[in-house]
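Have a look at these structures, which come just after this line.
Both complexes below contain chain A, partnered by chain B and then by chain C.
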Partner chain A sequence: MTEAETGTDTAAEAPRIGVFVCMCGHNIAGTVDVEAVAKMAETLPYVAFSTTTMFMCADSGQQLIKDSIKEHSLNRVVVASCSPRMHEPTFRRVVEEADVNRYLFDQVNLREHVSWCHMRQPEEATEKAKDLVRMSVARAALLESLPVKSVEVEPTALIVGGGVTGMRAALDIGDRGFNAILVEREKKLGGQIAKLASVYPTGEQGNTLADQLIKRVKTHDKIEVMTESTVTDLDGYIGNFDVTVTTNDADKTHRVGTIIVATGIQPFKPHGYYSYGDHPDIITLAELEEMRLKGDVLRPSNGKPPKTIAYIGCVASRESGVKGHEHCSRVCCTAIAKSAGELKDNADEIIILYEDLRTYGKGHEEIQREARTKHVIYSKFPPEKKPRPEIVDGELVLHWHDVFSDDNLILKPDLLVLASAMVPPEGSEDVSKVFSLTRSPDGFFNPEHVKLAPLTTHTAGVMIAGGAQAAKGAAESITDASGAAAKAVGLMARGEVEIEATVSRVIPELCSSCHTCISACPYNAIAMDESQDPPVALVTEAKCHGCGTCAAACPSSAIMMLHSTDDQILAMVEAYLCAPMEPDGGAA
Partner chain B sequence: MADPVPVAMGQGSSCWGCFQSLVDIHLRLAEVLPAIEIKYWQAVADFKLHHLESYEDKSIVVGFFEGMARTEEDIHLLKLMREKCQILIAFGSCSCFGGIPGLANFSDIEECYDVKFRNNKTVEGGEVPSENLPGIASVVKPNSDFVDIDIYLPGCPPTPDLIYTAVSALLSGQPIDLPPHTVCHYCDREKKDTPIEEVLRPYQGIADPDRCLLEQGYICVGSSTWGLCEGQCVNMGSTCRGCFGPPPPITQDHGAASISMLGSYAPMEPEKIVEEVKDPLGTFWRFDYPTSHLGRMRIKREEAKEK
Partner chain C sequence: MTTSSKAKTDSEWEPRIVAFCCNWCSYAGADLAGTSRIQYPPNARIIRVNCTGRIDTEFILSALDQGADGVLVSGCHPGDCHYTSGNLKLRARWAVMAEAVKQAGIDPRRIRLQWASASEAQIFADGVTKLIEQVKEVGPIGRSWV
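So, the complex of A and B:
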């Protein structure tokens, strides 16, 4: 770990705070009286300068901050503008360019937290803005300069899952000259796509497509493929992970710098839906695809080609209130259309029963149109009255209500195909534990932020791609793969990454080894330092996310959160609760 | 040998356990007694209050004050001790934090009278006595609200070893250097970092003698309690109830720290944890309710009533 101190150490100097209130065009100034906020800030303790400008993030605004730091010898900067998720990196860089440590900067969110949510209450919004600025200034006076640290990045990526997503990611990384270790738990690479008879929109066989990738992956000199293997343990932190891969009960540890989780999706076996399992001619779309891949489509009950086929969509998908089945599986509408259109060449009648149709991808609408051109019949059923298969003397009878004709209809299909939901594969729970990934209610892994930090996760250095994030088709998954690979390569190409200095720190003399923090830490960043006698808690800074849980949980105040110390937080509370003093005595 | 050091022992409302513990330094008394001159200690010698009142201000070097001050007499004695002593020690948890008598603040004074006098199970037609008795405050306030305290020696009671260490240091003019660790530091039980799935009462189940009691589900507040006891209870098989109060700085909120700790150790549904943790105030603030944030609010509410 290297340490580089940037900016002057101003901890000992008296604070000189600059407050910069941004109008964000009309976004903030349309609701909040920014001039009044800036004027109020001038009266606060340690504030040496206060101003407003149209766009603080624009070049002119950035220059204003830098010039003011020089002109007024500022050593603390408060910018009251938008969300720190948006521009904290911008303003941290700006103050650093003016020789002020990035941790002596504080941002107040006057846009998302004030003007946008209190648009119709300008007076109250202005009061809230003043409160927030007063709190930030109180905190700023107590901020301390922290060293910016960086760690080296091992130039190897681990990719978990050898489907189309994992293979694409491995190739992108390998082609850029970095090592990739591709771990797949099955015997064969290829994942779900290799089980598809026809991949939309091209119509080629899934295994043909997979085989091309498998061949390239296997012969690539930068890619190591490990099949029948699972990742069973993860230690270390961004740039320096030690992963344990278990192959046939034998463990091997690899040092990797970045990780891409591409564990994909799995078709749900819809037991309990539409008599699945009660009759041999009721099968899932995934089973139909596998059948087509092996040969002709034949009725499981008698081995004859089906003449009348019915499909049902949204099976165990989009069910409000059913945990793990509330989401749209996104691949089925197009997959049904593709499958039905192709089978129509050899069948007399094909009917698709649907609740809603969402052929949203590029070229997908055309697939549905082609199926209709071939006289595949689409019939919409109401969500509250789902189709009902009945087995009469071994024969399958399907009852449903058609919305557009408002008729109850009956069909005796030779084959009933259920387009069942795409769900996280078995073992996702273990994967989430090993990599400390959080999961959304549908069971898929969460990205760090859907819009502002896609593909990365809350575990620094670990990316997710493809079906690991949500049910999605191959085209989108592959795009994810290239994106995640680009992020991994970005980290490895730089060779070192800066890590946040806003981490927790144990004061060893006060630690009594109660282990509360170890249980509390969601990132496994705290362990007992056995080299001490008695052992005391030790934070691995590169693994710490600065969430503060340990500092709050520590019953003996032996942990402090750098950049969010108790003093700083209490100063904010006090600034909020206690109105500022009027110059001639009394409170405002 | 140097001249004996003048000392005074004052007692507010308390059980006398702390002074008992002082006597329990046992044979070491032979070493301590010749070094001190007892100027006031009603419990062991025939001193009257006017004796103490007659001394010159600050003529006594060290004063030990046991108990909390709820009656007018207690408050008078506490202030008098402060006037006469150069160093005033809050001796024991009642004196430091309000202690067990501080639990009375869960109820208002009238409710206390009901239990103690009016509806006392052992008398009929009970009345609140009023003659020849000192007045009583409506709420227990910490001693530090009345006078400045120089040294806090908590514990219910402070252990003889701790008392001997502190007294020896004082008599030799050295600062009292106490380790800041909590009870866990002294506990020999093994931690496995496993979360609690169920909160157990002491009578439930049979505890593994070698494992952390908290991890087995028994609420032990050792991790938030100053370990000047050196882990006596936990190493003998009983959970820590927190009698030494919070570790330095002892102005921390002991109960709040315990609840934060338990919150991270027991990832249970809030309703379940509320159901299973009986008497949270008495469990987490047993010895220091008057000095806690909640207890402070209670005191302020009583003060507002009086205005």
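So, the complex of A and C:
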């Protein structure tokens, strides 16, 4: 798109602002006197047209805006309606269809910020609405047309993490005809699943499952596998990232267009919980699985098969107020049931102590039912009174309170298995820094939107999939992988991507070369332009996310944040505080 | 009413508040306050900025200079910034801002920094109310040229 040409001349033209006040049915008009707001707007500087309508976002409302732009030669548009977080994209498109640059549009929030939260104060709400419109008009008069730019997308994806998620994503991308670079920190591909003896719901060995993917990934002509490697640096921007991959202390830089972070989960070592580490026969579920994968299940203390086994669920999971351990790890309830059901064939007694049970996935409930059919005993303990293992003369004694019998029970298990939490793997902090990803309190990476955009992140071009996003099982992780791969392929297939024009710009004449902006920028988007004498700061626009931190930090006021300039912001402040008295006497 | 506050008696006087909110957390939190029909005093006029890191000391001083009785800055919780760390830059700057306000002879109770996420509608609304209460303790801002 080359919107650049359509709007650039308007900078020279005098502003002709159209103000469109929306009633939103009764939502706004029920509280705010919209007619009075529109009438006041007519009196404001540069306002050439002002009106109200029932629904501005409806087709008729959109057409009204377009027709009015033509009829009144408007070159700026202010819509006073709902939150711009809802309809700014809609109205930007509308004005663009009428040949007004999208950045010459401003929206006033009369619904969420006025009518809905001051419902019992119609007069004050109307005054507030008038002030907000006045502020927006003042800003609109100073808005500048900005070019909509696009950059090419390199047809290669970087995938971080060689577990099932990363491998599935690499295959999807490779099969679609794009290049994939798969980076794995360990020596072998496969991740967590390759360490499982029996994967629910099918009961296959984890490494058998992983091997199917590993074989395909390794022989795929579009996929480059790099093991014992980590991504240590990221430069560039969506479509054109330069990633530094370090393998055995040797750095290599690759140019990629998209990135999928699939760093997965790891089982928590529950030191400090249920005497873990104090007795050899207290192990985690993950350790039990590894033991089964290597051979028979034997008591670490004496090498004999255990006859009585106890499991405890929710170990270091779902702990209110404990940072990093508040979440449900999602896989454990089903994994315990699967493990217990299978081991029951060779054990006399197996008991599962649980706080709550969540076998929610497809085929999971059946696994729990099968375990119960095999007489695996389930016993619920109260969250405030957790089971207490005791070591008496080297022997393990487990005390707990059973909720349903309201009785205190005792068992001497040969093996105590703790289903510990699934947490982000070590090194997640470094990954978050390299890719500018934020993390939720549980330590997993934040998606762009937890419900509506779970696979994309706030770093454009970087996707997350599987355990990187939250504790989850293999099936869900693989679904994520295909989704994230589709996102990456979508970007690469289009070949180019639009980038926001709302970036910061250095005014070289004012720059005092102090480097303050360079340290303020969270995206390393600013560097010194050494070709100038003296060197001055220079913003790489495609890397700039438009936060404006540099503009506020610059002691020389040498940085202009486009679409959010000092003048535009201060004009709003002034319009609110220094408005002239209204000739009609103010409040209606 | 905008310039008529001086004509009103103290009991009728309502503070005028300029509120700088970041787009991603607090502006969205204010949206949710509306969607949830949380009712709070109508004194604040929100100016949307992408990030609280965008907020210059000049914005605050200028608002107070032009007659704002209070200034609210509301952003994402530390660690939760849409731009990874803009709010931390603002927080670091806030100490200087508060000092600048004090040196200008203005009661620091007129400014307030708060963190309110997109889901913390009540915290946002309570923050506005709290600042209004603080400002009411101090009274209308003096405007030397009036």
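Keep this in mind: the second predicted complex is superposed on the first by the 485 of 588 C-alpha atoms of A that agree within 3 Å, B and C clash if a C-alpha of one lies under 4 Å from a C-alpha of the other, contacts with A are read in each partner's own complex, and residues count from 1 in each chain.
Please note the rule applied: a residue touches a chain if its C-beta (ideal position, glycine included) is under 8 Å from a C-beta of that chain, and two chains touch if they have at least 3 such contacts.
This structure is a prediction, so every number in the text was calculated from the model and none was measured.
Peer 1: Who contacts more of chain A, chain B or chain C?
Peer 2: The partner making contact with more of chain A's residues is C.
Peer 1: In the overlaid three-chain picture, which partner chain does A:534 touch, first (chain B) or second (chain C), both, or neither?
Peer 2: first
Peer 1: Which of the two partners, first being chain B and second being chain C, lies in contact with A:284: first, second, both, or neither?
Peer 2: Touch partners of A:284: none, neither chain B nor chain C.
Peer 1: After lining up the shared chain so the two structures overlap, which partner does A:516 touch, if you call chain B first and chain C second: first, second, both or neither?
Peer 2: First partner only, chain B.
Peer 1: Touching A:555 in the superposition: chain B (first), chain C (second), both, neither?
Peer 2: A:555: touches chain B, not chain C.
Peer 1: Taking the two structures together, which residues of chain A meet both chain B and chain C?
Peer 2: 520, 549, 552-553
Peer 1: Given the complex with chain A, which residues does chain C contribute to the contact?
Peer 2: For this pair, the touching residues of chain C are 1-4, 16, 18, 23, 27-28, 30-35, 37-40, 42, 45-51, 53-56, 58-59, 62-63, 66-68, 79-86, 89-90, 93, 125.
Peer 1: Taking the touch rule as given, give the residues of chain A at its contact with chain B in the complex, in rising order.
Peer 2: Those residues of chain A that touch chain B are 509-510, 512-520, 534, 549, 552-557.
Peer 1: Going by the contact rule set out above, which residues of chain B touch chain A in the complex?
Peer 2: Listed in rising order, the residues are 180-185, 191, 193-195, 212, 221-224, 227, 246-247, 249, 252, 257-258, 260-261, 263-265.
Peer 1: Spell out the part of chain A that touches chain C in their complex, as residue ranges.
Peer 2: The contact residues of chain A facing chain C are 83-85, 109, 111-121, 124-125, 127-128, 131-132, 135, 436, 438-439, 458, 502, 520, 522-523, 545-549, 551-553, 561, 564, 566, 569-570, 572-574, 576-581, 586-587.
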